[in-house]
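Presented below are the structures under discussion, each in the form of structure tokens.
You will see chain A twice below: alongside chain B first, and alongside chain C after that.
Moving on, here comes the complex of A and B:
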């Protein structure tokens, strides 16, 4: 039994791989953007003076951060139809990914919010800005700046976690690889290709994140 | 400088992986005997061939054949460890030495023969369609433009891809998920091997089977690693012995007796 590396399967199926990469990029991108909104909303709720909002924010984080993403995906796709809510694989996968990354973002952004010195808010208020203006113009930009490195971590994890939606028939990179492996059995070539593609994707993402981080950094 | 370092790390990784990929075995028969038990790759989602009962015990026709092999090897049918496999991962499990043999309702195909060796055929199966009682679908040709559940790596998936390329296949890793998608009406049909669907239909009276007679029939075989002649000879010998002694027929009757009128016969 000797192993022969066979690059022809990679060449032959490369267009399919790219199709998978595209869906991975698409769902990751949407989840990152919408997940950011969830993160900010949740963080504001968690630091709100209103008790019920604080409770809801905390409940959201604890539920989605402390359960496996795979179970969340199965609940949305296979469980909810029994309650009458039938989402497509695409909508189910995205919902689960967004809720999951959102929960992680809440904690990161909350830490960012709390790291903005109190004096900033007091100064803004004394200059005559109202609560919303203070939050949008003074607090939020500083929060984003502080949270960006940790958010980047969440994004990297999200791109890797997006592979889990392959179990509900979403034909992203992992699904395509798994499917081709079931047909051709060239495991090393196929999973190797997927590894390289994920590496490239995440390498690009980290570079984008670093670029944004630098743009927002304090100028000294 | 940093770039150079990156390349070094990458090359080391590639070389190490290639070494592992090339690791070879002496012969499965000796390995199994030395280990004292058989590692059998069986399904857990494919009644009546391989499934798990309420107590979590592996059951089924394939499971019983694995026990018979263990009995032949060690004189007791308990010297076997069942490893759960799916249609998609059973061949990689075998080729990477995680199991000694595939007993997983596996159809013999030319594509698979390039990668593994097959025992003599031990079951004959074709494909059918599982649909809702109110479905207008009566044959596989009707699937054009409709959503169909298939299981990744199954011949059902391959056959529909070939016969009805315009059908929209929604693929899952397990038969249980393919079935659930049909039950939730996410798909309009589930295409798989005849015997499995007959079994699933019995448990789900809101569904019916169409597409008779079973199309694209092909025999099942047990799978062993390519070129492992001694092990394959042992497996074939045991199967032949079971057929001659009537043990095979006894198992067949026990698992498929109720369905004997429509099951395809092994030549």
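Moving on, here comes the complex of A and C:
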């Protein structure tokens, strides 16, 4: 039996696809923002003069970067209830994604922190800023600027990784596609459409990131 | 309560999963690197006929989720009359994914070389193949090593996705044990530890190589 390509399937289910895209965008956006906070906190811990903080920061990065995200999602969703912590699929998926992208952000932001010239800190101190003020007003803005290109790579990876939360039943783009495929067996139309939608999402993200990067670039 | 007996009882089964994880990862790394070098060379080629298809494959494999590509191969190929098992489907999808990512590393390394290297080779009367083999690739190779090793670590972690289409490897082994014992936390933590034992040495070594390169040794 030969396979007949049937574009009407795409039209018929397009509203459902868009619903999936929306959830993918939503969880990616939240993970990007909260993941940034985790990245900054982790990077500060990793460069701290306090040994135990440095160790904790390093342990966080190494554990989350050297184990599969899929297993992390399973541990949060299926494993934690054994300890009495029961999270919804939405909360579990988001938690795992944030922790995962946060660990990658730590390394990027730490490199950014170390790239800010020492003189900046000394100048801020000599102006009478305290440690917190120096970090927030002087060091952090420059760090984020330096780290932006590498953070962008993490964000692209994050949008792709968000597909994994489909395995615990979050109805984002991959879940919707898988579900429709089980219903209709129109694999080519469905996975083809999802592929194009992911390409569009990533393309948009890369463009936004390039725009932000230019906007915050050093003026010469 | 944390149940250590269930871990001890099922550890051999997890190890049998590790064997398949390692086998799948090795297969994917070998095929992916081989195809990736070809694709990468096509991307820097002067012929559009080589460049365009290579770019298309690289963009699609790099800008869509691996699990999507796996579903495409696993559910799509049977519709064309090609029936494959779960393990071969996972291996094919992951090899293509690896190839696209490896190609980008190869292209990036070649593009990062100073233009003078190309000009110098040509001014010595070398043809394209001689220039590539004797001048460009040996230098590009050194720049490729750290990102390639990073890619290999990612690929080892990503073999866990094969479990989603039902291929037997470490994650699938863990799932099967949990279906029998209902001890998710213990089994998944041990599985995570096993992945860590495989990946950490590789990523540690990658960092050392990178530091040495940055230090200019």
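One rule holds for everything that comes next: the second predicted complex is superposed on the first by the 220 of 220 C-alpha atoms of A that agree within 3 Å, B and C clash if a C-alpha of one lies under 4 Å from a C-alpha of the other, contacts with A are read in each partner's own complex, and residues count from 1 in each chain.
Everything that follows uses one rule, which is that contacts are C-beta pairs under 8 Å (C-beta built on N, C-alpha and C of every residue); 3 or more make two chains touch, one makes a residue touch a chain.
This structure is a prediction, so every number in the text was calculated from the model and none was measured.
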item	value
First (chain B), second (chain C), both or neither touched by A:66	second
Chain B versus chain C as contact partner of A:79, first or second or both or neither	second
Which superposed partner A:161 touches (first chain B, second chain C, both, neither)	second
Partner chain in contact with A:188 - chain B first, chain C second, else both or neither	both
Contacts of A:218 with chain B and chain C, given as first, second, both or neither	neither
First, second, both or neither for A:174, with chain B first and chain C second	second
Which superposed partner A:3 touches (first chain B, second chain C, both, neither)	both
Most chain A residues touched (candidates chain B, chain C)	C
Interface residues of chain A shared between complexes with chain B and chain C	1, 3, 78, 81, 167, 178, 181, 185, 187-188, 192
In the complex, chain A residues that touch chain B	1-3, 5, 78, 81, 86, 89, 167-169, 175, 178-179, 181-185, 187-188, 192
Chain A-facing residues of chain B, complex	17-18, 21-22, 24-25, 87-89, 91-92, 95-96, 111-112, 115, 152-153, 158, 170-173, 177, 180-181, 184-186, 225-228
Residues of chain A defined as touching chain C within the complex	1, 3, 62-63, 65-72, 74-75, 78-83, 156, 160-164, 166-167, 174, 177-178, 181, 185, 187-188, 191-192, 194-195, 198-199, 202-203
Complex contacts: residues of chain C adjacent to chain A	59-60, 63-68, 71-72, 75-76, 79-81, 153, 157-161, 163-164, 171, 174, 178, 183-185, 188-189, 191-192, 195-196, 199-200, 203
